[in-house]
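The structure appears right after this line, and notes come after that.
Labels run A, B, C, D, E and F following the written order; every chain starts at residue 1.
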Amino acid sequence: MHELGVVYRNIERTDRATTDALAALGSATVHEAMGRVGLLKPYMRPIYPGAQVSGTAVTVLLHPGDNWMLHVVAEQIRPGDVVVAALSAECTDGFFGDLLATSFQARGARALIIDAGVRDVKTLTEMAFPVWSRAISSKGTVKATLGSVNIPVVCAGMLVHPGDAIVADDDGVVCVPRTMAAKTLEAARAREANEGDKRAKLASGVLGLDLYKMREPLEKAGLRYID
Amino acid sequence: MHELGVVYRNIERTDRATTDALAALGSATVHEAMGRVGLLKPYMRPIYPGAQVSGTAVTVLLHPGDNWMLHVVAEQIRPGDVVVAALSAECTDGFFGDLLATSFQARGARALIIDAGVRDVKTLTEMAFPVWSRAISSKGTVKATLGSVNIPVVCAGMLVHPGDAIVADDDGVVCVPRTMAAKTLEAARAREANEGDKRAKLASGVLGLDLYKMREPLEKAGLRYID
Amino acid sequence: MHELGVVYRNIERTDRATTDALAALGSATVHEAMGRVGLLKPYMRPIYPGAQVSGTAVTVLLHPGDNWMLHVVAEQIRPGDVVVAALSAECTDGFFGDLLATSFQARGARALIIDAGVRDVKTLTEMAFPVWSRAISSKGTVKATLGSVNIPVVCAGMLVHPGDAIVADDDGVVCVPRTMAAKTLEAARAREANEGDKRAKLASGVLGLDLYKMREPLEKAGLRYID
Amino acid sequence: MHELGVVYRNIERTDRATTDALAALGSATVHEAMGRVGLLKPYMRPIYPGAQVSGTAVTVLLHPGDNWMLHVVAEQIRPGDVVVAALSAECTDGFFGDLLATSFQARGARALIIDAGVRDVKTLTEMAFPVWSRAISSKGTVKATLGSVNIPVVCAGMLVHPGDAIVADDDGVVCVPRTMAAKTLEAARAREANEGDKRAKLASGVLGLDLYKMREPLEKAGLRYID
Amino acid sequence: MHELGVVYRNIERTDRATTDALAALGSATVHEAMGRVGLLKPYMRPIYPGAQVSGTAVTVLLHPGDNWMLHVVAEQIRPGDVVVAALSAECTDGFFGDLLATSFQARGARALIIDAGVRDVKTLTEMAFPVWSRAISSKGTVKATLGSVNIPVVCAGMLVHPGDAIVADDDGVVCVPRTMAAKTLEAARAREANEGDKRAKLASGVLGLDLYKMREPLEKAGLRYID
Amino acid sequence: MHELGVVYRNIERTDRATTDALAALGSATVHEAMGRVGLLKPYMRPIYPGAQVSGTAVTVLLHPGDNWMLHVVAEQIRPGDVVVAALSAECTDGFFGDLLATSFQARGARALIIDAGVRDVKTLTEMAFPVWSRAISSKGTVKATLGSVNIPVVCAGMLVHPGDAIVADDDGVVCVPRTMAAKTLEAARAREANEGDKRAKLASGVLGLDLYKMREPLEKAGLRYID
């Protein structure tokens, strides 16, 4: 499926304001708002807790043990982007460290999502440059083979197109396709609007069984209580 | 083995004082005191470090991708309980988030032990509601199929009966059967009583070889020293 | 391959000053300096973030579920050592807790690297005794079978000889063979010397493509840009 | 949860005729007939294809690396039994080989279900003694620690009581509790009775959509066809 | 990324003759001919050895534990198709058995590729209906939620469009995009043409070092021989 | 630990007659005879059942995704050798197929043991060239980076020196160090000599409990029988 050795310089990014508004809503709410799709596999974990970002995807396809294309993708980063790095085969090597992070940050990148390993995590934490990865590893890589930049990639099981909106936090990473971003933001905000009131009721001891009127459907489904 | 669609309302809980006294001893000491049984598989990890709890088990059997029964179990929680959620098949979806946690906390639950995924972990951390889980995932669930509440369940490889005492901390989760709780507490306290003295001796440089009189059995077993 | 029931008391340790100087360089830089070899598998993770140590390896071969030899190895520890514990078969039990850590620390050990589980991690964190392990588990062990001390072991996929230098931090664990330590330190320092200047340039927006003169080789390899 | 060092000699076995009739129905049909519960985790695989057995469970709890209790359980086997071996912690060692199989077969055992490893698989295949296991391994075990025989055990995630009926074939292993066996056999036969007719219709080209009258519920659920 | 509840009835299939010619070349040669892309993850294994097929992809997106859409996709099968089933989250349940296989075979399907489990494998083997799957499991599924048919899916990490050519054998499963099929067939045949001659030379004892003229590049790369 | 870019041409092989005699004893008996050490991890599985070989190890260290050194090692094969291929990092690519197998077989190799993937397994089976591997995969590799030949390697967790004896069958792969081979053969034959008699007794219904005189030690250990 992958075109190799190609860099697309012009990609259509999701609207900036829409993209930026997604971060505060969080990956779980956005995932719900999309109809429960778009989530990268849960083995993708942040290197430190607490980061919560959204941004426009710049994609890169890498080969195992070779991070050459991370230098190529750096040039394509614009402020507000999140780099999404997919691998042509499974690998846990440390493709990315503090020098590349310095370069990415200088170009305006907000985060890296990589289906492989990362290193220098102590320094990355001090730099406040968040990474979601499948592994942490000191193992370095060579610079020998071509991948591609800004082609559609499959990262941690999810298809990501260049320009899609990415939302990432402690719960995981969600990809919102560009054409669905506005609708998703609206749906996510609607969900969020309801939550304050629900939370107050639940905190006061009201049960979800009553709040969500579940007693009748549960009875219909055959639930029996035994004393 | 599982009865489906049933909620047992009356369960016999482990004695409150006994249960509450177990937390301070910790899962490792309690596990030793039980004769090295009762531990859930070590893939069960806390969502944040430092929590250390004990409580009486309220159990729930869930199906993959469906958290309906978590609302049903909420009504059965009494202050001092720990909810133990088992799955009928492996799943890493995020079954539990901040709204359910608000409800559980309002009912007096001290923690959730779930052999699946959880989400909103940042908020759960701020709420100080600890969860031990096999995964963290934004992926939401439906509310469509019946499981059961307060039946014996197998959670992370361990059989848990409703009313058993649960001890959970950074080292893992241990289940103490109700009928063994008093004896276990006593044995755990006896272990603990010894430790202060041992620690002082080891800190002063005394070797375990001498403290525990291991030199002779090691020699009998055939250990050879080579200079 | 393993000789069982033997303790070698006299091992040749890597030069102290060389060993100690490696910690500050970090596992990633040292791994690069060695030509990208020596790394233990990345499933070895620290029990708390931030520790960064180097030391001379004292090795021990353990059997699943049996930590007897950890008491034997304690006697062989000298100040500045790091204990490297290998297993004869896969196991996640908690072989090591706060009492053994007290003893190891009293003997001058700087860390434990163990291809199995560890417990009492809260106390170990308070003691500032770092451990890199494959698991955390409350599960205790027996003291019944002989392994060996200070024989060559395979720990997390890497061959470690007694006396080798070990470097461990948030990125992982690297073993530097004794005979390569001086050369490795030199090469690591040379790498480090370059990094400050590079970092400043990258931070100012210079691209790695230009800093490392990659544009020409990329073009030769066939990279195409599409607008 | 486990009582250690105990052998229960008298167990109540599921009715012989009922148990024996389950084999021909197969694990998938029996699992359906039970309401989709009772299946051991799918990592349990047969050591050779084609075996299809049912029998009454004789249970044994083993410790990692120690097969002593397999000799103890041998004495408790009666013709028509299937030995179900659970482990107190994960282990892939080869607990069982051709000598034990000779003994089990001589006692009338039909199969072994073991949540660990097995060896001599070539000879076991020639002997036609089927085993479902999580691993195959040459690694032998010691005979040093007590487990128990004929206590309830958790094997590959499923609770098995002594005397339960076990059904195992190429699709996996199902446990049918003794008290549910008669009802399960009846339900399984009812399912089976229907299948011949359905198969003929499907083979002739009738679609499941029509045979099971799914078109209307699919439309109600919102399915859209696009040309 | 996935549109839910939609069935595309008209898809553009890869040319029949081109698709059919790929089977004999095998997945490894086709994968090489495509430039080493297109392979599904190697956890996808055939349920019996020896099957070697190619066909046009009809795709279906399923949800964990729910095989309803397999009945929907059956209607869209045309002779020469291979059904490619992706999952919205990881699952090992047995989605497919002998009744569905009878229906698929009657419609002209050549195989099923499913990123989940399958059952009735003994009967499927007798029917000579090959399946490549990630698991074998007796566990059945419900029929309750909508997925989609003939949308692009990610199956075992690879993007598959409806109509793409699929090649599957004992070595794995490769997806050849429709637009690349003709070129891939040509390249695969060219590779194949060379192999007979090479094989004869290698069988006669000629070394690959000489046949492929590797001695010089190896020497340039720095390879040293030590006697 | 690894020296890169080096080929040792002269290695000391285990005595031919001793090595050849090990095959018939099998990996389990040899592993026992060595004192239960020497086994490669049990994820190493044969590509087809029934092969049973022994031979002298010719070792090679490969890098992920690169099989160049398999051509280099081919030249070092002598009749009766088994090639043992280790990887510098985890990888499941298909490093070896029918052409290399033709070359290896022509040189007199009896098998390949590789801690990675293999392909063309149907043809390899027809050629009766056995391979033990961690994966089967169509994915090809490049020929770009140097490893080494006939250095000590860690393969599937076990240290293998060039010239060691390798025993492999359906139960797994065992490495017998050259200096231990004669003693191991003798011990394995002694074990084997006993087995026929034991088997006959067990087949006649004598219990292991009596044959091995276990009743007394079990009672001493505290085993209780309950009627």
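As a working rule, a contact is a pair of C-beta atoms (placed from the backbone, for glycine too) under 8 Å apart; a residue touches a chain by one contact, two chains touch by 3 or more.
These figures come from a predicted structure and were not determined experimentally.
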* To do: Between chain B and chain F, tell me the centre distance in angstrom, where each centre is the average of that chain's C-alpha atoms.
  => 41
* **Distance from chain B to chain A - Cα centre to Cα centre, in angstrom** => 31
* Averaged-CA centre spacing for the pair chain E and chain B, given as whole angstrom -> 43
* Asked: Which positions in chain E touch two or more other chains at once?
  -> 36, 90, 92, 139, 145
* To do: Report the topology of the inter-chain touch graph, choosing from line, ring, star, complete and other.
  => other
* Between which chains is there touch? -> A-B, A-C, A-E, A-F, B-C, B-D, B-E, C-D, C-F, D-E, D-F, E-F
* Quick one: in the complex, what on chain F touches chain A? -> 63-65, 89-93, 139, 142, 144-145
* Structure fact -> As the complex stands, chain A meets chain E at residues 1-2, 4, 35-38, 41, 88, 90, 152, 154, 157-159, 175, 177
* To do: Flag every residue of chain E that touches chain F in the complex, lowest number first.
  => 26-28, 30-32, 36, 39, 42, 45, 49-50, 52, 169-172, 174, 195, 198-199, 202-205, 207-209, 212, 214, 218, 221-227
* **Of all residues in chain E, those that touch chain D in their complex** => 5-10, 48, 68, 71-72, 74-75, 92, 94, 97-100, 102-103, 105-107, 117, 119-122, 125, 135-140, 143, 145-146
